[in-house]
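Multiple structures are listed underneath, in structure tokens.
Two complexes follow with chain A in common, the first pairing it with chain B and the second with chain C.
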Partner chain A sequence: MTPTATATAVTERPAASTPATFKSATKPIWCPGCGDYSVLSSITKAFAMLALKPEETVVVSGIGCSSRIPAYTTCYGFHGVHGRALAAATGVKLARPELTVLVAGGDGDGYSIGGNHFLHACRRNVDMTYVVMDNHVYGMTKGQPSPTTEPDWDSKLAPGGTGVRAFHPLVIALASGANFVARAFSGDPNGTADIIAQAVRHPGFSFVEILSPCVTFRPDQRSWKDLVHPASVTVTDDPARAARRVMTDDGFNIGVLYAGGRTPYPLARRAHPVAVADLEAEFAP
Partner chain B sequence: MTAARRKVARKSAAKKSVARKSAAKKPAARKPAARKPAARKPAARKPAARKPAAKKPAAKKPAARKPVARRSAAGKPLAGKPSARKPAARPARARAAAPASIPALMGYALWLELDAVERYRELADAMEMHNNRDVADLFRRMAAIESKHADRIMKQMDWSKVPPPPAGPAPWAGAEGPETVAHEEVHYLMQPYHALALALKGEEQALRFFEALERAASVPAVKRAAAEMADEEREHVALVKNWMARVPPPDDGWRDDPDPPRYTD
Partner chain C sequence: MMAHTTANANDPARAGLSIALAGSGGSGVMTAGTLFLSAAAKAGAYGLMVRTSGPQIRGGEAAALLRIARAPVESLDDRFHLLLAFDWQNVHRFADEIPLGPSSLIVGDAAEGEPPAAFVATGARYEAVPLKKIAKGIPGSWTNMVALGLAGALAGLPREAIVAALRDSWKRDAASLAANLAAIDAGAQAAAGFEGMAKLPSLAPGGGRWLISGNEAAGLGAIRGGVRFVAAYPITPATELLEWMAPALAKVGGSLLQAEDELASINMIVGSSFAGVPSLTATAGPGLALMTEGIGLAVSAEVPLVVVDVMRGGPSTGIPAKSEQSDLSYAVSGLHGDAPRLVVAPTSIADCLATTQWAVHLAEALQAPAIVLSDQFMGQSRAIVDRPADLAFVGKRVVAEPNAPDYKRYRDTPSGVSPMAVPGNPGTAYTADGLEKNEAGTPSSGARDHLMQLDKRARKLTLHDYGDMWADVEGDGELAVITFGSATGPVREAIGRAAASGVRAKLVAMRLIAPALPEKLDLALAGVSQVLVVEQNHGAQFYRYLRAWFDLPGRPESFHRPGPLPLKPAELAQAIVAAAGRATGAQARTAVSA
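Entry: the complex of A and B
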């Protein structure tokens, strides 16, 4: 519960680590009804579940509606350039392996502008978590089709649809080597929090695709809440099996779909942190 | 995947009708101790001119053009193509076995309230951010009321700290508690009437939930407690209805925005 003036002391949750601990005073400016509100709530709940501390957690993002998330948390944050969130986050994790790194963004940022970083982040398997709020549209720039937009989605900006096959992020992640793959739905914030917590706990690169409706540019996505359902399969550690499942499911299977055992990218634990002066020295003439 | 998803979406959308009878929702409820929610005072809303027929925003027109949002029969803001609506919200009935003890029952009741408080606050923030002050105030007031309900449970149970959420699947159907307003139910131009309609829906779902628990409970004490909570929810339903009666229903053009975000349409 957010500690506001209306609350009485008795209903405030225990002080230790609560979702409110991770919510900043900056209020989201997303459209009312946006799924990203729930995802923010899920992320803060997951951090609380894991008993993390804001000062030991970093949220990194690129550009887009969902990429505003770092500002809405009390964690360290980096709101980077379009599509480069994973690159920046990889640097953070390698430099400060003791921190928990969560990367957040949308489908345009992650699969189009940052598509290549996505592949290689999966391949490198650095221990971090990538949360993609997928709404199949570029919302911030007013509704252009994104990589996951259905080929026949008709709009003024793409009359008759793009006719281009949609990107399948889960299969790509599996084929590229992600160590944990899950799908969640923003309309189930508690379930999503649980999945994010599992993703953070799992070693290596964890990828969580969250179906997060854009009520402004894709009002049809309000029906998603009636379509999602728990994945009726047990988690597998076989990427080929997981890939077959996700290629043949209806796209609304929610749950952890793959938890692999690949060894994460080795992180050098430095006895002494690198000082900024040392870094500067490398660039000195 | 996408093709399959589209197919499923279309199939499901076809089944849905625009008319969402949230008003026809069955009741459900919450905590024991039939105490009066006191703070539930309607708040001086203009008792004002209620247009007789406008109470129910009524059936939408066939939607000449792509609607950005539309509302249900209860005046609830909805959006999307008509075909993408569901006839009724998911039923907020108990789905699992009823809790076997009073602390378990009250644990669920408490978390049901806490989640509702959190959501009302989020919605209030969102509305404030979009300069919809009236609705923001109303959501904040709802949060305060639900917070008092939670306090009462804490006191009744003599809990000094909020207990962790009960383990295992929650005994309600759906992903969120019966009193939690779904994010996608709101619209940036919604009016207090819509917000109250959402609150009413939550109270009715809670009523149905506790009624179902009462029926399902096999332990007499739990059965009695669930019945008390259902009674209390019934009171809340009446209070919100009373409140709604004092708020003018929205005009037909409530969602017309002279500067809409979807300028491309």
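Entry: the complex of A and C
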């Protein structure tokens, strides 16, 4: 199973990893003021807090502004096709359970084109962390409504608004079986780093929805910094209670909202595999 | 197409014995057929069982089409010696799939009514046997076991081989085994009065044989090649491949995951292979269509993987449970952008093993996706074959060393293959990307990087030495018949028949479809003045592909017919003789005599 390259991997580790250990030299393409810069910092901070090794950490993404994140880290990165990040990450984790897998992306990538994978990733509960930078807009294609966009938000593609109600990712994650659900805000990089670190530590599928403003196409989201507030509740392990909370809150409640105890998807392999030749007996007439 | 078959071609001593068991789904047709084939294997025969059924999940019509012979068989014959129907419910729908003639025998249960007119019109003799009544007379026994005993006796299968087959597969209590053994004997007795039914030639039990389906063979080939992770979505007729692999992979320390859809399947295996584990998915046309974006990602990010496409009638949902070779065009060109990929096709049920194993080897060596074009005929059919040889093909990718100096994932090497860093390897982390990139893997939209990476990805496939595996090349003649996949069996048999009438033809069954390697085919076609391209689809897809990429001598001819009817040796022998006549400039010969 394990490739020879890893079997022989002996590395001299730096005394202690810092956020800088995880930041690559590649310059982000994001607009000035984009919330994703802070999220990148929070991710690298969380990795440092967890004392991960870059080469044993895989950052997986799909397509969109926020999906550019893998190349901005020094980890192994996988920047796949639109909407399929969770599928690719599931493959990585099942193939190599010893790796830490973090998936990053946006609301269009995760909730629209990748919506089905989101449901099944929550349900399957493979041990990995999914960070969604939600800005309620398609930024890379220059300003179209996403599943979390307000129904009356005016755009060229949907003049006067879509008239379609927004999607509630946290409730869907809870209903589908995610084992850890949190909401964070990019404007609070330290709090977000802490939440991401908790999410990575928590067994099973952890989902972190990060409000990350798009100042270019949603300048109104600059007001988010005034609207967010810490969740004034303790973490629950009851998904129904958590769902009721997030369905009735104002959408700016920040913190870990649910930490469940579901058994993660089994990743263990047979300890003593049989020889391939042993599979052939059944074909003898 | 004229159904021209002489008694000689249908002689059991040469062509084996062809038996169709038919009835409504759930009546035990497939079980009886499988046991018949297993008994034939125990008796020392070679053979083939093709499954065909209507679209219903339960209760539709079903037929097991068997051909048993002294030598390996890879094709159904032109007509059946025996049609044994458990009932006639919708069995008339098989009139085209179960061709009969005046020397054929129809056996049915009078309580189920008369045989459908389409079968009677062939001139076949009809014998009525009260199958259900016999079964009823033996408490705890089943009608299909009476039928099995009857078919076995008519074919001349030794009783002990049938008993052994039944015992081996028996999962119930001893009392019901005894009842069904009695049913088999009663069925055999019921056949005692029948005259004129051809019998199997004498057989000698031979060792070293396997009884295997193409789907199982492909699964085993994949595991032999090193595949240890599969993600897939159920689809007819590929599901059995997955169902075989699920426990088999677990035994050898791998795993299989049932994904939420084909988009997930393909992206999961891109991820698992990126992470270092040889990976595979299996699907059919509709699934392949959904997977193409992910396959393109594997091309761009240079991630090895194998997709087995068990082809079925298309387009769209098409004819899910019946065979057709109509995904070829899609497999060779169905990706956006300039996206070189490997496409290989097994040439028989047994070869599903070798070709899939080879596909894993090629994908891993070349860091590219490989599509294996199997089909329903090979995938769901079960055959008695000589144990496939152990091949040395094992997936082995070139990986980066730890802390490799100045590591660049997509370095522009002479071979086009560059060492792949696998997560866990220190000092070589990179981001695999569907974006065009520079040598280091950093996204680039520059013209120079694009051209360099396009050249690299194309070159690594065309420069590889594929050796002799690229095709099965057999025989000699001024005429060459070029074919692929499950059409190979009937073509090979047709060439044999044409030879018996003095027409020689060369067989070129191409295992490597893409990349196109014209120089390989040029060498194989040395001395050939005419080619006939044979395939089972409506659009002559292989013919057109060959004409686009290869220099074919003479005026290339095409024999193409869509599924679901299997290609028949007789119609192909006729086409071969006719094409050979045009090749030599002689007057077209009038008939195939064998």
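In this text, the second predicted complex is superposed on the first by the 253 of 285 C-alpha atoms of A that agree within 3 Å, B and C clash if a C-alpha of one lies under 4 Å from a C-alpha of the other, contacts with A are read in each partner's own complex, and residues count from 1 in each chain.
In this section, a residue touches a chain if its C-beta (ideal position, glycine included) is under 8 Å from a C-beta of that chain, and two chains touch if they have at least 3 such contacts.
This is a predicted model, so every value here is computed, not measured.
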| item | value |
| --- | --- |
| Contacts of A:Asp250 with chain B and chain C, given as first, second, both or neither | first |
| Which of chain B and chain C A:Ala87 touches, first, second, both or neither | second |
| Which of chain B and chain C A:Asp278 touches, first, second, both or neither | second |
| Touching partner for A:Pro54 - first (chain B), second (chain C), both, neither | second |
| Touching partner for A:Trp30 - first (chain B), second (chain C), both, neither | first |
| Residues of chain A that lie at the interface with chain B and also at the interface with chain C | 1-2, 4, 6, 8, 10-11 |
| Residues of chain A that touch chain C when the two form their complex | 1-6, 8-11, 26, 53-56, 58, 60, 70-71, 74-81, 83-84, 87-92, 94-96, 98-99, 116-117, 119-120, 269-270, 273-276, 278-280, 283-285 |
| Interfacial residue positions of chain A with respect to chain B in the complex | 1-2, 4, 6-8, 10-14, 19, 27-35, 37-38, 41, 142-143, 148, 150-152, 155-157, 165-166, 168, 170-171, 185-191, 213, 215-217, 219-227, 246-252 |
| Chain A contact footprint on chain B (complex, rising order) | 1-9, 12-13, 16, 67-69, 78-81, 84-86, 90, 114, 117-118, 121-123, 125-130, 132, 140, 143-144, 147-148, 150-151, 154-155, 160-162, 175-176, 182-188, 190, 261-265 |
| Residues of chain C that touch chain A when the two form their complex | 38, 41-42, 209-212, 216, 220, 223-224, 228-229, 231, 248, 250-255, 257, 259-261, 263-265, 267-277, 279, 293-294, 296-297, 301, 384, 387, 399-403, 421-435, 442-443 |
